[in-house]
Amino acid sequence: MFPNKRVQGMVGRRVHVEMKGERSMLEGVLTSVDDYLNLHLSVANEIENGERKRLLGSVVVRGNNVVLINPLEE
Amino acid sequence: MFPNKRVQGMVGRRVHVEMKGERSMLEGVLTSVDDYLNLHLSVANEIENGERKRLLGSVVVRGNNVVLINPLEE
Amino acid sequence: MFPNKRVQGMVGRRVHVEMKGERSMLEGVLTSVDDYLNLHLSVANEIENGERKRLLGSVVVRGNNVVLINPLEE
Amino acid sequence: MFPNKRVQGMVGRRVHVEMKGERSMLEGVLTSVDDYLNLHLSVANEIENGERKRLLGSVVVRGNNVVLINPLEE
Amino acid sequence: MFPNKRVQGMVGRRVHVEMKGERSMLEGVLTSVDDYLNLHLSVANEIENGERKRLLGSVVVRGNNVVLINPLEE
Amino acid sequence: MFPNKRVQGMVGRRVHVEMKGERSMLEGVLTSVDDYLNLHLSVANEIENGERKRLLGSVVVRGNNVVLINPLEE
């Protein structure tokens, strides 16, 4: 299963996203993803040092700035 | 709804934009967006630590340097 | 009007350009731009803390490293 | 053998991955890879200063943010 | 004249190149350039604080990491 | 000779590679390269301040993160 299919399989689940050049990370429910790994997250929170720092709500993250993504519970 | 359609749905609304390698963020009215997530904002302000730092007015932001975008009131 | 058309509309005018990973910014007359937002500026100056730091003259800036561009007087 | 074929030849093996703008590195089993060098790793760990820092489990890494990849035992 | 044609017009001349995420800059004779602004420089030197730091000789610079390029004498 | 042909001409030779956002550099034998400047190096070493820091062996480097490449003896 190719990496982008793997991410498509995470739609509807809570995910952890690390972004390029950001100290904080994102956690939220993956609502949609396209082939460039552009992500739409709902109920997204910024996480710093393992703690919720800020509620962002609905956010779009551009794929080229996603370093890694993994599901929060598997 | 794919992530880029989601951003197109924000046209006409005030948005918050985080850019790669910048300490400050942008807030402004999203006037147009294309498939690369290049953005045109009007009445844009640079925001640092939650405060308006500088009025930029009309700006174009290149999509690959957009880390995340979310609507300011939903 | 799409963001890249918006930049094409700035040709012949003085613009302010922020680049990725640079502390200084550029100001100059936008002479040409293509679809990737590669820019050609003439009479370009490096600007740091609001002051002219260095005259660069004629420069080409690669589009993917442009964070934002806005016209200096509107 | 082209570089991306070389990475395809690492599928099923433990690999070391350095990512752009991250102090930590990843080690894990390379489960799949595509032509953009997007990677799917299973049993992935974050490594800092040669020590396991955090178990990530199953992660997808976006190819453009991969600096280098090498097999752990050859 | 589009920005990439402008760079093609610098072939055979000494140029100044600023690269992403590097403190030092490059100066050298532009020997060839392609549409991605990949550059081949001969007799290239690393420049730091206006002084020659290291002779690199013949180098290839990848276009996406070129921030700006300008001719040294016009 | 275009820049990527120039790199193809380095196959079989020892090269020096600077990568984006890394303090250390790589030296190794260039085994293969593709049009994106993805590189496969064998007998690669990490170099910091001119000294060998770590033997990496066989590595693949993603082209977009290559800042510059030059042959070690010409």
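To keep things simple, chains are lettered A, B, C, D, E and F as they appear, and every chain counts its residues starting from 1.
By our rule, a residue touches a chain if its C-beta (ideal position, glycine included) is under 8 Å from a C-beta of that chain, and two chains touch if they have at least 3 such contacts.
Predicted model only: the values in this text are computed from it and were never measured.
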Farthest chain (mean CA position) relative to chain C: D
Interchain centroid distance [CA atoms averaged], chain B/chain C, Å: 19
Between chain D and chain B, distance of the C-alpha-averaged centres to the nearest whole Å: 32
Residue list for chain D, restricted to those that touch at least two other chains: 20-21, 64
Contact graph of the chains (line, ring, star, complete, other): ring
Cyclic ordering of chains (reference chain A, direction chain D): A, D, F, E, C, B
List of chain A residues in touch with chain B within their complex: 19-22, 26, 31-34, 38-40, 44, 56-62, 64-65
Chain E residues within the chain C interface of the complex: 1-4, 6-7, 18, 20-21, 37, 63-64, 66-71, 74
